[in-house]
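Here subunit A shows up in two complexes: once beside subunit B, once beside subunit C.
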Partner chain A sequence: MLQTTIEPPRQKRRWRALATAILVVCGLLVASLAIGVYDITADDFGAELVWITRVPRTLALVLAGAAIATSGLVMQMLTQNRFVDATTSGTTEWAALGLLLSALLLPDLGLVGKMVVASCFAFAGAMLFMLILSRVVIRSTLVVPLIGIMLGAVVSAATTFLAAQFSLLQMLGTWFMGSFTQVVRGRYEVLWVVAVVTILVFVLADRITVAGLGKDVATSIGVNYQTILVSGTALVAVAAGVTVVVVGFLPLLGLVVPNIVSMVRGDNVRANLPWVALGGIALVTLCDIIGRLIIRPFEVPVSMVLGLVGAVVFIALLFRQQRA
Partner chain B sequence: MTSTLAAPDVAATGVEGAPGHSRWHRLWPILAALTLAVVFAIAILSYDNPAPLGSAGYWIIVQSRLTALATIVFVAASQALATVLFHTATNNRILTPSILGFDALYVLTQTALVFVFGTAASSLEGIPKILAQSALMVLFATALYGWLFSGKRQNLHLLLLVGVVLGIGFGSVSTLMQRLLTPSEFDVLSARLFGSIGKGNPEYLPFAAGIVGAILLFVWLRRRTYDVVALGRDVAIGLGVNYQREVRTILILVAVLVSVAVTMVGPMTFFGFLVATLTYQFARGDSHAETIPLAITIGLATLLGATFVLKHVFAAAGLVTVIIEFAGGVLFLVVLLRKGMR
Partner chain C sequence: MSWPTSPKTAVTRKASIVLALGAALLLSACSGDSPAEAESSDGSGSTATVTITDNHGEVEVPVNPKTVVALDNTVFETLSEWDIKLAAAPKGVMGSAWPGYTDDTKVADVGNHREPNLETIVAAQPDLIIGGYRFGDYYDEIKKQNPQAAVIEIAPRPDKDAFTELERQTEILGQIFDREDEAKALNDKLDSAIAGAKAAYNGTDSVMTVNTSAGKIGYIAPEVGRSLGPVFPALGWKPALEVDGATDNHQGDDITVEAIADSNPDWIVALDRDAAFAAADREAGSAPATELITKSEALKNVPAVREGHIVVLDPNFYLEEGIQSYTDLFNQLEKAFAA
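Our next item is the complex of A and B:
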């Protein structure tokens, strides 16, 4: 009785908050559409330009932001660790190695083929990370991301070595510099793959949550732990592989957003998912806008702004958690 | 029973002038590493020299190679010394200055200088410029890391993670600022930022020699104090050492050493770690009288050896630092995993 009288207003307030958040994100997206060197209201070409660069770019921001943020949440559930995402588990570095190898060994491979290779490498890397974790007996919260970061450093040393051998170093820099500058019509469409990833994360949310409680709990309530672990990792790997190929590294995005959301809203994964997706879109769009504004008419790649913002927030999170 | 067994060991490792037998035990790894280093140095100077042995041309080529050799020597020595000292100050053997973002911090201060003063930053050539830069770096490093290592925040893994992420953040800020520089300013910066083992800048050599030599002498004179500092905060204070001051001094020395190394060849994250870990493997004891010379000789042997082998066996001279990064990174992972499992 009491439950039913209290529940509706609370529910309503929740929807109102979510609606406000969606409005804010829409505002950011409109700003992203409006900002640029070329005045889109100036002449006839302006309207066409919107469809050539502005809309694809904004769509890419939405797709990549949502996918990377939600896959960060998946990583954190699967490893039962708040400080893990594609950046701090070395997964993006593996994707980069895969991309480089595919460019070297199979130069005729198209964009999609490259993404498949990159995603496979990301998957192998993420599984290796999980394997190492399962071998470590004392899983201190802070050791887990450290192992991931160092694994990533070792892999990226290998990538650098290969790139240097084939004088691809400069190219490597431009490839992996997370940036939406190159995103125009005809170059971003494959990013829709990560939209599928995001939807699958929503579908699998409950099972991933259960898997996050550990193997024994998951098995006892009838969830196939191994399957969820592998499919969750595969989703993360596809998101990492595809974004690395199309836009490059988006450092710490998958780490910062889920943590902030769960700080504000608690730990209900399923209810948090839309917030995480929205937060990812908002953060990456905001960083992109900042990058486009500070040295107009040029622009700063989004990865640099994200790296700076992400590092500050991450350290703040670390100290906060330590104090608690 | 155990105490009588342990007694000679303590005497041999802690005190200088121990019986000749253990002294020899302490010396042979240093001598072995030194021999290796000398062999590689001679090899780098003389191997594949097109001019006939002993001719005038031969000596000209040797002389030009001496610059690169000296660069390697100073870099190896300062990285090795910096890491061992850093381990002493932080009282653990996983941290190294570079993993905690010291290198990235150096790059950041350099970039910030050019960012703020523009091309004017290059017009202040000579000793004042180097002094000003080092002062800025040292100030920043001591403030930041002194704060991190002071008092209650003694969670090793937290420190490590904060350091690593700080390094990433510094890197992002530096690249961001570099993007905002005008091309001519960027030239000024990159000329000073990115050295390589192949070409060392002879201009820096006298400064490097002076700085590294002075610090080495200073550290050697204080080696017994540092033995006490290495015992940890409480023990050191109990034994009457001004712990806070000693640690601050060490952090300053480390900052200076790192800036010397980074100026000459650019950042190398895991080299110091590699060298220090090898050092503790071969060292008989923990005293600085033993670890400092051993670390320096092992550092020399490693870097000279890697340079020679990569240059002449694999024809990949530009990759010395990358290979060392790879090996050091793997070693770091192994050590971290073993510590994590314990």
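Our next item is the complex of A and C:
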């Protein structure tokens, strides 16, 4: 009896909260559109410039932010570990290696071809990570990201070595420095691929949740664990591969956002998903705005701001973990 | 300074002293020159020395040293013009600009400045090591490892006028390799190239210098920025974009095409960092600098793009940066600005 009287208002409150969050994110996006060096109200060209630089950049922020954050959540479910995302599992480093190799061996490959190669490498890397996890006896949850970070370090050492051999070191730095500075019309469109990834994550949310409960539970409910594991990893790999090619590394984004959301709202993947996507958009947009403002008319790459924010949250999470 | 200690060189030393004394007697007999001066011009190249002032202070350097190791990219062009043989060089940072050195297997490879193989320098037993520039961090180490060699650093110092510094460097090289006339000719060429470029500039057009890499455009600050910064004061260019307190930490800054459009430059001078790679080896987004700039939709209204006032530096400029590259650059600028 009590249940029925309380449920509707709570439901309503939830919707109201989500609506508020959407409004806040929209506010951030409007700010992102409004901030720039060129005075868009000054002349006719200003209006055109909005479509050339501002809209593409903001769209890129939305697409990358939502995809990286949700794929972080997927990664955490699949590994059953809070500290895993594309950066702490070495997946982005594999994507980077793939990108460099494709540039060296198949220089005529277009942007899409490069993304395919990068995504394949990211997938192979993520699967290798999963394989190692399944073979290792894990005594502490922290061992999992440590394995990933170690793997990533080995892979990025190989990438650096290759780049040094072909005098591409400086190019490498420019390439992988996560930054939306150069995102203009004609250079962001491929990011729509990650919109598909995000939608697929929403579709597969329940199955991923079940897979997150472990192989035995999943199988007993009738979910094909292996299929979900592989398709989930593939989604993460595509998100990582595509964003690395277009904007570079976005460190810790996929780690910080899902964790904050579950801290506030508890663990319910399906209900949390929109929050994670919104949170990813909000965080990357906020960091990008900060990066654009502090040394105007120049910019601080978003990866630097994200790295700082991410590191602080990561350490806070570690402390929480210790207390729990 | 330290004298060679092996018996063999001691013998030649004795012989050269006898020769020097003989020459001194002869000279003093006919012209009354002081013996000290005569001693330094004793005819055998390996023992004559000259005192030069490098970036660290006074150093006694053998004239026309027998075994030379050079690590500073800015001197290679001059050395190769003068046919100076090198015992070792950092082939990793020389690209394809000096095949005479890089393709020669007799020239040992020191590697690149990030992971140099300093032992190859020791193994070469050089009389002279021209260090500095990218190898500046290894000065003390190199000095300690090669006590028999004169170690000098003569690359342009960052806090001084870049072009006087290049001329100072050339002058020192001229003294060491006994090519003072050639050195002076190089310096004169630079001076006249600067004067020509300065005359071709109308004094009012605004200029922006950028570098391009991996499809991205970076901002090079006037005066302090890499490679092109010093050109601003030398030619009296009016910067299209000046940022308060722009220091060297703003070198090659992340800048949006919007900001370039907003500064509305009359001229864009670009250093293409990836240009040393052949067109086929390019990353998809990293069109050559001109393409990157002219094809940018945001820049289509900028005067520099509309009038085709875009100067892209020689592909090897980034590797060379010596007095010849700047002379060529100023000649190129004179031509572009006069057109």
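One rule holds for everything that comes next: the second predicted complex is superposed on the first by the 321 of 324 C-alpha atoms of A that agree within 3 Å, B and C clash if a C-alpha of one lies under 4 Å from a C-alpha of the other, contacts with A are read in each partner's own complex, and residues count from 1 in each chain.
Basically, a residue touches a chain if its C-beta (ideal position, glycine included) is under 8 Å from a C-beta of that chain, and two chains touch if they have at least 3 such contacts.
The model shown is predicted, which means the values in this text are computed figures rather than measured ones.
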item: Combined model on subunit A where subunit B meets subunit C, clash or fit; value: clash
item: Touching partner for A:L111 - first (subunit B), second (subunit C), both, neither; value: second
item: Touched partner set for A:A311, first subunit B, second subunit C, both or neither; value: first
item: Dominant toucher of subunit A (residue count), subunit B or subunit C; value: B
item: Contacts of A:G98 with subunit B and subunit C, given as first, second, both or neither; value: neither
item: Touching partner for A:T174 - first (subunit B), second (subunit C), both, neither; value: second
item: Which superposed partner A:G36 touches (first subunit B, second subunit C, both, neither); value: second
item: Partner chain(s) touched by A:G148 [first = subunit B, second = subunit C, both, neither]; value: neither
item: Subunit B versus subunit C as contact partner of A:V300, first or second or both or neither; value: both
item: First, second, both or neither for A:P251, with subunit B first and subunit C second; value: first
item: Partner chain(s) touched by A:A164 [first = subunit B, second = subunit C, both, neither]; value: both
item: Subunit C-contacting residues of subunit A that also contact subunit B; value: 164, 295, 298, 300-301
item: Of subunit A, residues touching subunit C in the complex; value: 36-39, 45, 49, 52-53, 103, 107-111, 114, 164, 167, 169-171, 174-175, 179, 181-182, 184-187, 295, 297-301
item: List of subunit C residues in touch with subunit A within their complex; value: 92-93, 95, 112, 114-115, 213-217, 219, 241, 243, 250, 253-259, 261-263, 273-274, 276, 280-286, 296-298, 301
item: Sites on subunit B touched by subunit A in the complex; value: 153, 155, 157-158, 160-162, 164-166, 168-169, 171-173, 175-176, 179-180, 269-270, 316, 318-319, 322-323, 325-326, 329-330, 332-333, 336-337, 340-342
item: Subunit A residues within the subunit B interface of the complex; value: 83, 132, 135-143, 145-147, 149-151, 153-154, 157-158, 160-161, 164-165, 251-252, 294-295, 298, 300-301, 303-308, 310-312, 314-315, 318-319, 322
